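Next up, some structures in structure tokens.
One chain, chain A, links the two complexes that follow: it is found with chain B in the first and with chain C in the second.
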Partner chain A sequence: MGPYLLQRLLVTVPTLFGVSVLVFLTLHLAPGDPAQVILGPKATETSLADLRRDLGLDRPIPVQYGRWLAGVVTGDWGRSIQLKTAVLPLVWTHFKATLILSAAAMLFAAGSGILLGVLSAVRAGKLLDRAAIVTTLVGYSLPAFFLGLLLQLAFGLWLGWFPVTGMYQPEGGGVLDLLAHLVLPAVTLAAGIGALIARMTRATMMEVLSQDYVRTANAKGLKRVSVVFRHAFRNAFIPILTILGLQVGYILGGAVLVEEVFGWPGVGTLAVNAILARDFPLVQGVTLLVALAYVLANLVTDLLYTLVDPRISYA
Partner chain B sequence: MTADTASQTSRRPSFQRLFLREPVTLVASLLLLAVILSALLAPYLGLPNPAEGSLIDRLQPPGTAGHILGTDELGRDMLSRLVWGGRVSLVVGFAAVGFAALLGVTLGILSGYLAGRFDFWVQRLIDVLMAFPYILLALIVVAILGPGLVNTMVAIAIAGIPYYVRIARGSALALRESEFVTAAQAAGAPTWRILVRHVLSNSLSPIVVAATLDVGFMIMAAAGMSFLGLGAQPPISEWGVMLSDGRQYLRVAPWVSLLPGLMIFLVVLTLNLLGDRLRDMLDPRTLGR
Partner chain C sequence: MRRSSVFFFLFFAIGWGLAQNESRIVIGLQAEPVALDPAQLSDYNSSRAAMPMFEGLVRFKDGSTELEPALAESWEVSEDGLTYTFTMREGVTFHDGTPVDAEAAKFSFERQIDPEHPYHDTGEFAYAEFTLGMIDSVEVQDPMTLQVTLENPFAPFLSNLAMHAASLVSPAALEQYGRDFAQNPVGTGPYRFVSWQRGTELVLERNPDYWRGAPEVERLVYRPIVEDQARLAALESGEIDFTVNLPVDDLPRLREDPAFRFEEQAGMHTWYLVFNVKKEPFDDPLVRKAVAHAIDRQAIVEALLGGTGELAQNLLPPVVWSYTEDVEQYPYDPERAQELLAEAGYPDGFEVEFWIPQSGSGMQQPVAMGTVIQDFLSRVGITANIQQFEWGTYLDRVIVPEDQAESVPAMFEMSWVGDNGDPDNFLYILLSGDQFPANGFNLGYYNNPEVDEILRTARQTTDQEARIPLYEEAQRLLMADLPIVPVDHEAQIVVMDSSIEGFTPHPTGVFRFETVRLAQ
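Entry: the complex of A and B
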């Protein structure tokens, strides 16, 4: 495990370097003078010169990158031009909201997706399986922003069961208030991913259920539940885990849209507002943090393999 | 033909069986065809101007005389806007897939076939691009280029390139070791000819399936970007913009948002269904299942 961990971390370094270069270049790849891009066509020469000096834009690009990277490492992620505040605390506060939403969605998607996939595989060709296939097809064809509206309309506006926007009531609330606000956005975000997980789980389980050792277990007269969960599911879990790991990116990306629908104060809403305001330090902060989280999630998924399946040894 | 291959061939799901004899697939094909035809023929259908409306007629419900699907907040005809919106959404979806597939497949096949340093650097680039969730990568490109319909199309296409690079590279890696490629090399065929006639042509099945499934995804992504206010801008009739504009009238006039949302859903659903069927037809692993 130790050498593999080191090796895996070393592989991550060039990726992180590439990510940092791409995020840094966001400002410089925009056509025209970066200061003009940020301040717009009506900016005065004085304000342009001030901004160039503040952001270090008057220096060579490698020097600017070095300064920027040193700032990133030491916790100085620059200041938001629009909100006049430090980027890192701002992004971190919003990122926590995104993490809560993403974690809830992932739990719901994984739970419902795996259950549906397993049941579908066990009842392959039967009515339940056909219903599950249709459900998953609908699930991953429904755009999150449309499903979000439908849920808002049905469970928020018509039935009044759940609040339709925000993370807490305006006057503030506790955990129960947070959970009530979380249900609709989490279900919306989970739908597409849960459908994909169900689909992949079904395919993997069908494969495993046709193996000789499963047939042997059945022939021995073991209970169906035991065969499915103790023999088949345990062996299907590695591919399913891979699928779950891959969905982290979809969750983080999909959160952008879902946050917009439900007014959830996460990084998605922050990123969209920053892009519209041409607030590049903030855009860089959001994209860097989300990319770091995504790279970390992939790393954790890889490492989990070794824990879940003792047959896998990377040493 | 041996008995084995003969039986396998007979078990291969045929185009006729998959597309015409299954009612669901047939309905999906017809629905998609109707949307595509109405989008193509929009100027000739005699529909009202989708950008013009009368405030007296604002927020009329579906079924109103003269406005079969009702009107929006500016009194514009919903049916006309949906048909013209389909034109924009379909063009963006297909063009983005075309652009992503062209660049991704070219890069992937070159990377897999040439291997060596070229492959190494292409793969590092793809690793970096894949370190960003899809929508985030598209957002970065929009941040660079600025909001707008064309920029959004370019953004979602660029974000989609890694997907095609991976698929094409995988095929090219396998094919470069095959006997017919070795034979072509031994016969002195130029590299471009081997790439096009042997590698590309034999990699097409997975690429076509991936592209078909990707059109729906790209339509959703483009509509999503417009929904966020970064793609098509009002007053353009585009499904994502329409859905977003109608949100503030959700309580009093839900059809303004729900109808464009339903159109996106139906088109994506039919494309996914047809993509699945196409995969069943072209993927040799489905033989006999």
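Entry: the complex of A and C
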């Protein structure tokens, strides 16, 4: 376990390095001058040249990259060109908001997806199963932004149950305020993944439920709940866990859209604006943090396998 | 989740909201403000959030671009138009308690224009050259008297002093915060800084010591909500009280709703087509006029922009003084367009490059407008080949010096938002022969010595009454030669909760809340 963990963590380093080189090159090869974007159409040639020099944009690209990398290693992620403030605290604040939204969506998607999948496998072919199939199909097919608008309309404007934008009340705070603001965006973000998990769970559960040992357990007279959850579900959970791990990337990507729809102050909006403004240090910072999160999430998934299935071990 | 718990925290949230709700306006911005340093403002969201905290020596009157005294009580201009002597207002302090004096004004200007100034490295001053670049020297004659000398006579100078970049900032605060002043702004305005959580909210509170009297509304909260549809939802659900730029299709419905109040004003803005007059066929005024007659601009304004713009008869917007409609008009007339084309030697039309950006500040709906224009042109035989660019790239490609004029397309879209309310800020910068890039913004390289002479004289004449006829003549000459086709002036449409009373839009686009009250 120890050596495996160390090895995985070491692999993370070249992965992040590769990601940062790719992003750096893509940004610098794309046309568009950050100085022009910052100063706008009314800037003079002198002020543009001054700014390019201040930002180090007149240096060769390898030198710019080297400087940036040296900074990152020492904890200085640079200053956002556009927002004129240090990158690390800025990205971290927004990233926390995205994490909260993603985690809530993941919990909701996993909880509702698994429950629906199991129920529908147990009641295969019955009304509940058919209803679940239709629900998951709709959930999976509806684009997040459209579902978001529908939920805003229904639960925000008509029923008035939940706030429709932002993370807190103006000048607000506190967990309850946050939860109220979290419901609609988290459900929106969770819908597609929840539906996928439900269908996946149903399929694997159907397969497991038809196996001999389940029939044996039933024949022994074990309670239905115990058979389904203790015996069958445990074996069905491995492929579901894989899907969950893979969906972390999807959630972080989908969060961008959902954040726009709900005015959620996450990393998505920050990243989009940073790219449009050619804000190199900020785009680099966001990418690095998101890549790190993705790599770590996959690592955690792999480690979870050992907990769910004792046969898997990385010793 | 159990329904009871939903209701539980809703009650909690509502209770919280009510407790906080005394005399506060929540403003929905289109994007996160970039910085709150008045010397570094170059977009509406930042200036709308920052400008309630700042003022300059002079200010624009409410609802207009006429000037009135602000931190300078009075001023004198020398005969030759070179020296301005300001008497500072007594007893005004910055929000940090330090006094407002001539030293502070000198500091605020020189920080931006003097590269040797110890605080020059505290920001990127996009507007410094434009606003204050004509200053030769700034002298403190005594603590309350400031003398500014210009390099050349420049009539719009006083108007420039009402612009954001000429606002006075607290030298003590800059000393304390350095580059982070943009996150910790200290000025003299009716509101002062409380807190800023990036991406979430910016909070200002009223300045009880404001020299014109403390405002009635106690707190302003700015929330960035990028998506127009989300901002609309937030307004309708009462999460914000005040916003701009809502989706055009929803405006008629909101107008019917007594819960909302509308305030509108044609802005200091012009959307126009630029001709590269260095290239055939637009070196010929007849062809330029043919294009103007071929496009149904009224239809664009009504059908496409849904009344969020006003048809432009002239490059100058109507809110800028000296505006005249006594200029040659180009109504929609495809037959006249074809006659003009035949007269110019293009009876069968021609093919031409037409560049448009995908989006951009002040560009309204650049793609839809470009496509409609392309269609109108095709009806008179002109084939316009559209090429789209991302905004940053677009600016790079169309703002190029004269020696690279060949790389600029024959025709492209552009817009201009006025800065100081002076006609010079449109006519001279956009169409004078002295203002080819990188000096200015004459992107089509139009050069008319007769117009140039008038515009030069007008910018050096300090008497405004004497300047009016000069600008009227310039507008007539320009519209008769038509180096650009003005299409519309975008309206500022502000929608607010009907409890907000006394708000007047300002042509500069900033929001002034010091005159606003909340009805009970």
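Just so it is clear, the second predicted complex is superposed on the first by the 275 of 315 C-alpha atoms of A that agree within 3 Å, B and C clash if a C-alpha of one lies under 4 Å from a C-alpha of the other, contacts with A are read in each partner's own complex, and residues count from 1 in each chain.
Here is the rule we use: a contact is a pair of C-beta atoms (placed from the backbone, for glycine too) under 8 Å apart; a residue touches a chain by one contact, two chains touch by 3 or more.
Treat the numbers as computed from the prediction; the structure is a model and nothing was measured.
Of the two partner chains placed by superposition, chain B and chain C are both touched by A:149. In the superposed pair of complexes, A:58 makes contact with neither chain B nor chain C. In the overlay built on the shared chain, the residue A:141 is in contact with chain B alone; chain C does not reach it.
When the two structures are aligned on the shared chain, A:260 is found in touch with chain B and with chain C.
More residues of chain A lie in touch with C than with the remaining chain of the pair chain B and chain C. By the touch criterion defined above, A:276 lies against chain B and chain C together after alignment on the C-alpha atoms of chain A. Of the two partner chains, chain C is the only one touched by A:36; chain B is not. Residues 31, 149, 152-153, 157, 260, 276 of chain A are contacted both by chain B in one complex and by chain C in the other.
Chain A contributes residues 14-16, 18-19, 21-23, 26, 29-31, 137-138, 140-146, 149-150, 152-153, 157, 249-250, 252-254, 256-257, 260, 271-272, 274-276, 280, 283, 287, 290-291, 294-295 to its touches with chain B in the complex. Those residues of chain A lying in contact with chain C across their complex are 31-34, 36-48, 51, 54, 79, 82-85, 90, 93-94, 97, 149, 152-153, 156-157, 160-172, 174, 176-177, 179-180, 183, 260-263, 265-266, 269-270, 273, 276-278.
Interface residues of chain C facing chain A in the complex, by the touch rule stated above, are 1, 6, 8-10, 12-13, 16-17, 20, 24, 26, 31-32, 34-35, 40, 42-43, 123-130, 133, 179-180, 182-183, 197-201, 203, 219, 221, 223-227, 229-231, 233-234, 236-237, 239-240, 361, 390-393, 395-396, 399, 419, 437-439, 441. Across the complex, chain B meets chain A through its residues 124-125, 127-129, 131-136, 139-140, 142-147, 216, 220, 223-224, 227-230, 240, 243-244, 247, 250-251, 254, 257-258, 261-262, 264-265, 268-269, 272-273, 276.
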